[in-house]
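Note that chain A is present in both complexes that follow, paired respectively with chain B and with chain C.
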Partner chain A sequence: MTPTTTETLSSHAGGLKLWLERYPFLPALIIVVALLALNGAFSPNSLGYRSLTGLLSTYMALIMLAIAQTYVVSAGDIDLSAGATLSLVNVAIVVLMEKWGGGAGAVVGAMLLGVLLGLVCGVINGIVVAALRLQAIVATFATSIFFTGVALYVMPVAGTPAPALFWRTYGGRLLGLPFVFYVLAALALLLFLLSRTRLVTQLLAVGDDQQAAYQTGLPVVLIRIKGYALCGLFSALAAFCLTGDTASGDPLVGGKMTLYSVAAVVLGGSALAGGWTTVVGSLLGALTIGLVNSLVFFMGTPSEWQNFVQGLAILFVLMAGVLAGRRARA
Partner chain B sequence: MKKLIAIALGTVASIAISASLANAETFKIGLSNGWVGSEWRTQMIDEAKAAAEKWKEKGVDVEVSVQSANVDVPGQIAHVRNFIAEGVNAIIVNPNSPTAFDPIFAQAKEAGILVIATDAEVSSPDATYVGIDQTAWGAAGAKWLAETLGGKGKVVAINGVAGHPANEMRVAGYKQVFKDYPDIQVVNEVNANWDQAQGQQAMQNILATYPDVNGVVVQDGMAAGAWKSIMDAGKTGQIAATGEIRKDFIDLWSKDKLNSGATVNPPGVMASALNVAVLMLQGKELKEPATAGQYKNAMYLPIPFIDSKNLADAAKQVDGKPGYYSYTSALSIEDAEALFK
Partner chain C sequence: MSKLKLNGVSKAYGATLALRRGDLEIAAGEVHVLMGSNGSGKSTLCKIIAGSVRPDGGEILIDGQPVTISGPQSARAQGIGIFYQELSLAGNRSVEENICLAMLPVKARMFIDRAALKARAARYIDLFTGVFGDGFAAETLVGNLRADQRQLVEIMKALASEAPILIFDEPTSALDRAQVDRFFDILRRLKRDGRGIIFISHRMDEITAIGDRVTIIRDGETIKTLNLNETDPAAVIRLMVGGAGDMPASRSSAPAVASFATGAAMTVDKLSGAGFRNVSFEVAKGEILGLGGLHGQGQSAMLRAIFGAGAITSGGIRIGGDHFDARSPRDAIRRGCAYVSGDRGRDGVIVGRPIIENVTPIHYLRDRLMIAHPRSLKEKAMPALAAMHTKFASLLHPINSLSGGNQQKVIIARWLIDRPDVLLLDDPTKGIDLSAKADLFALIRQLAADGLGILLYSSEDAELLGNANRILVFNGGSVTRELTGEDRTRYNLYQAAYEAA
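So, the complex of A and B:
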């Protein structure tokens, strides 16, 4: 082997590494594009404008929840109560909107209180995990049961409809464009602004090496609580999207979404151990889950095998993403 | 890769050919099931597929595509979106939520798709419910029990999941019936979450607390467990209790001569819904518009009942099937046609 080839090889690998370092969501993006192409190959209609808008409006809630999860994962924590927080905010805003008459004022008022409620749930988690130093995975599992209990108290049976104004806006159009595009644009702006704050860098520093962060003088406990608060905030936003898509309250709706949100974070290329995360990746990870579910159907998988194939496909995507990510960090 | 493309092209071509050859009526119907936790659901889908096959004899091509997986509510909304993208003529859903589908069903209807819910009612004005009335289901078991007990005695109820719409309707059903029997005393009501083990434990507690209980209203999915406790306590001859429609229970019932009666929630509901859907797609109109139920969009199917009189017939129907197989009934094509003008 001549020195020149070694050089080109290493510079090539270095280039890939550089790219992945700057854009850690690249593998996830490639996977999403591939899944879109596959969906399109099996069912051309699924790439239509209408279908893609539908995909986005249905999975926007999971996207938000995955982003919520990303911020706590950044600091090396986890939140198994994100789905329960979503359920609680969902039933709370639906009940409040109904109580206040369902007008524009009621919708805005309920949403403000919903954000506040999400923040409170997040801060409770933060205090339990960071200040009281309980293991995040068990402590947030416990708070998830607690939040579900409160949600069942607020609304004992699924069913209260959300005001038409709310869900017609979410599912409708504004200036000729589907409203969900504006939600996506607003989310992108919010993520951009957040990425420039010191908090996100601090969360990553804590996740990378908590001891080192502490020794450099960072208020680790406070930072982790703030991470959970951010998670609560985005869980509340997720609840708004879910309410917009389902037009009703359901005290148990988010329960199944929690683990999907964790899966989306990992599929997106973040490391669960913390210190290396990408919110854009999590967004793509949530879409990956949605696209895999659709693909399993469009491929014509027999119904008795659908669960099996779906699990296998997610596992496969996970492996592909993790291998690419590991290479970049190696 | 080339091979793959060739295969893909081949498939496309064969689909195109088969489509052009089909001179008969062709309907594409999407079936969505959002929970795969019991054999009942599997049987429901198998029967619906079989019902679609039967239409071939009538010269109607009914093509079903199935989405059945454990999904959350957004996941099942995605099922409906996929069906819309696929361009089906009708969608039949066993829904995970009574209300969450209002917006997506509205979109489906806008796209010219017929939407039918089965097994659980939905609030959407754009859908029709074809299935049994859960209130009447609860009432039928209670009526059998009241009559079996001669109109008097101490009764307990073992219910499903508190807050679940079907459970609340069934409870309302038996309460309504017992109102007409002033000498029937409901001494306790417990929730056992449609779980055999919890049903068994609840019955043990009940037998310990009320040794003189005469009758039990227990929903399917828990009745086998409750009966196990009754038999373990040696009270088989003294207590009348509602039962199950699964083969293993029907066998036990015949063998030990249990004093039982079972309201049937047949897994054939989706097959019935499919037959109704095809007739609707053919442009036929119902004799009586579907306006029943709390959401004014329901068409209720008859509810069969198994007791000592027809137990042998029921046993014959499930004979040779696996233990988890449920006694079933569905509207045949002719039955369904009779409901239309």
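So, the complex of A and C:
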């Protein structure tokens, strides 16, 4: 085809633009590689198999939550209750698994109900934002308080332990490989399948221009509700990973993760305005946050300065990514 | 039997009647042209048929059966496809995805069938092979396309609906000759297939080339339907203008021409930028220079560019004797240039803040004011508001508590505390009531009499004819005609606006 030949002939900047269009997570990938190198420089051990597995199982929850956020951001929405949904699912499954005896049947049953609970939270958000037309930021902030309230009712005080079967599986090995690798592989497959669905294309079209999507004849309200439902689903998956990692229930655990998930989406190269998102980027964005945190630790930053350095580092990474993207797209 | 019939369809936005009484009858196998001046209700009529605007009254019949169109989805289900004038494309999606967006082919009920999507899109892309120019491919993101290519994609998208009734609301405004010819070939084929096609264009030559019948809409009302081969363009324009068409503008209302012999307020020399090119003119002190023509022919783009809010690629501006090249609105304001937009929400009102804060921002900027005493500010604000006959309860009430007309008066009042040299008016009376309009124009004339140079773009021709000393008619981004003195008639203004660009 003729257009392909003109593309290869185009200037370096134009080629870069094309690359970014096809793989918008490239800057995030470069940043992750750079952070890995920095981590290695400060502490060679941190690049070992064990440490990386540990990093992955700790940050898998944030990865899932960032991906959850990506689907609502695709449609130009936002979900500030993703973290609260995570907390709610976390305490709900811990309580259920304990009540049902902590066996394999209890774990599976609790997880099924957990998924359902996440979906319900998502649909509530979707109805509030898309059908009742409330401002997404404020409305989901309100539902986050509501969900937290329910979580506190389910488990007033943090600390109920999850059954050993659950966290031993998550932190353990299966056929010689760490279990979290299977989680990652399943996630990759799920993301691949989702990327081919009609829903994701419709979400992005709505995020591009809601009025245009409506005039095209797309069921905009329903599509946005489905986006929130998807977000609730992934928040529930995030809750499973978190429960596996912390081995206990905590009704307030997800609150501070919400804005991290938004940050990860942006660090990954998605446009917060919608219409242009990348789930792979969000995964890398969440890893970026994890790597920044471990870097701050390995650099031997005094504890009272850790937040300061973390914030500075995330700002710096954000700037680098934005500048790279701007230059390539110009 | 008619394919589509509209009986007395109406639509009002608040107090503004967008469509008073729309009647229309489309037969199978015809291209039916809609004609009417700016804001006459053509687009509203089309959007009602396409379901994106819900009518207040009237009835719609398809193939003789009365139907209710509850939204774009329902319109599509009832066999209506539309090309939107402002386009309905997703910029970050590819050409082929956009073409099929309304009905994405799926397999297993949820996954997009890429092969089917490609094949379906290709059917419509292939129709335009050879005329879409460089950088166009099925996989290209629509946001990376040129304006004409985007318009072609919107055409393909409308065609892909395969609807028996197709509406094209100004589909050719950015297309070149070859693209238009190809599009017309396709339209002729659709006509032979028995589709009913509604077509809006402002190019008279296109209308006679493709149209079978024409329906003329004036002030939101259907005036008449004619066979195009039994009429001539002059008769059509006369119908659009109405009975008053041949009369010159009421000269009594325009200010005397002799009073501005004191030199140029602003000189614009061969100015080009995004949306306009090679515009030259001079506004004398005390003159009101009208900018006419159809919507979006570069008038607003030029005014915004002069004010520093849009890009200028070449040419020069002088205010008084000084070279003027504002890089930002802030810069332009400091150097004595004022701009009032009809889009108050975007360009004027500081929403939710008290009236006094909405009157004084320009004063702050021009006086480099850091701290001000409320009482002294009030002394400055009151005369400015009084000059506009602004009605308000208290300076501390939020601006939202006022009507649209009074809000616009507050916006204009903010420029009266420190007088600018040049006033740019960008369709300033959009959506405000008649009495507020009268107050506004009385003040504009007073300002002109005080020696300001005023540029007035209005989408309502009567306002231009009634107030401007001269009118520059824009067409396709440049000035195609200048109307002065006796030439300032409705007929001339329409004719100049509708000439092929």
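Here, the second predicted complex is superposed on the first by the 316 of 330 C-alpha atoms of A that agree within 3 Å, B and C clash if a C-alpha of one lies under 4 Å from a C-alpha of the other, contacts with A are read in each partner's own complex, and residues count from 1 in each chain.
To be clear about the criterion, a contact is a pair of C-beta atoms (placed from the backbone, for glycine too) under 8 Å apart; a residue touches a chain by one contact, two chains touch by 3 or more.
None of the values given here were measured: they were computed from a predicted structure.
Trainee: Record, for the superposition on chain A, whether partners chain B and chain C clash or fit.
Mentor: fit
Trainee: In this superposition, which partner touches a larger number of chain A residues, chain B or chain C?
Mentor: If we count touched residues of chain A for both partners, the winner is B.
Trainee: Is A:Ser46 touching the first partner chain B, the second partner chain C, both, or neither of them?
Mentor: It touches chain B, and chain C stays clear.
Trainee: After the superposition on A, what does A:Thr197 contact: first (chain B), second (chain C), both or neither?
Mentor: Touch status of A:Thr197: second partner only.
Trainee: Which partner chains sit in contact with A:Pro219 here, chain B, chain C, both or neither? Use first/second/both/neither.
Mentor: second
Trainee: Once both structures are aligned on chain A, how many angstrom separate the closest C-alpha atoms of chain B and chain C?
Mentor: Checking C-alpha atoms only, chain B sits 32 Å from chain C at its nearest point.
Trainee: Residues of chain A touching chain B in their complex?
Mentor: For chain A paired with chain B, touching residues are 41, 43, 45-46, 48, 50-51, 54-55, 58-59, 61-62, 152, 156-161, 167, 171, 242, 245-251, 253-257, 260, 290, 293-294, 296-298, 300, 302-304, 306-307, 310.
Trainee: Show me the residue ranges of chain B that touch chain A in the complex, using the header's touch definition.
Mentor: 8, 31, 33, 36, 42, 45, 65-75, 77-79, 81-82, 84-87, 97-104, 107, 123, 162-165, 168
Trainee: Would you mind writing out the residues of chain A in touch with chain C in their complex?
Mentor: Chain A reaches chain C through residues 1, 3-4, 6, 21, 193, 196-199, 201-202, 204-205, 208-209, 211-219, 275-276.
Trainee: Applying the document's contact rule, which stretches of chain C touch chain A when the two form their complex?
Mentor: For this pair, the touching residues of chain C are 50, 52, 71-73, 75-76, 82, 84, 87-93, 97, 101-102, 104, 106, 110-112, 114, 134-137, 139-141, 157.
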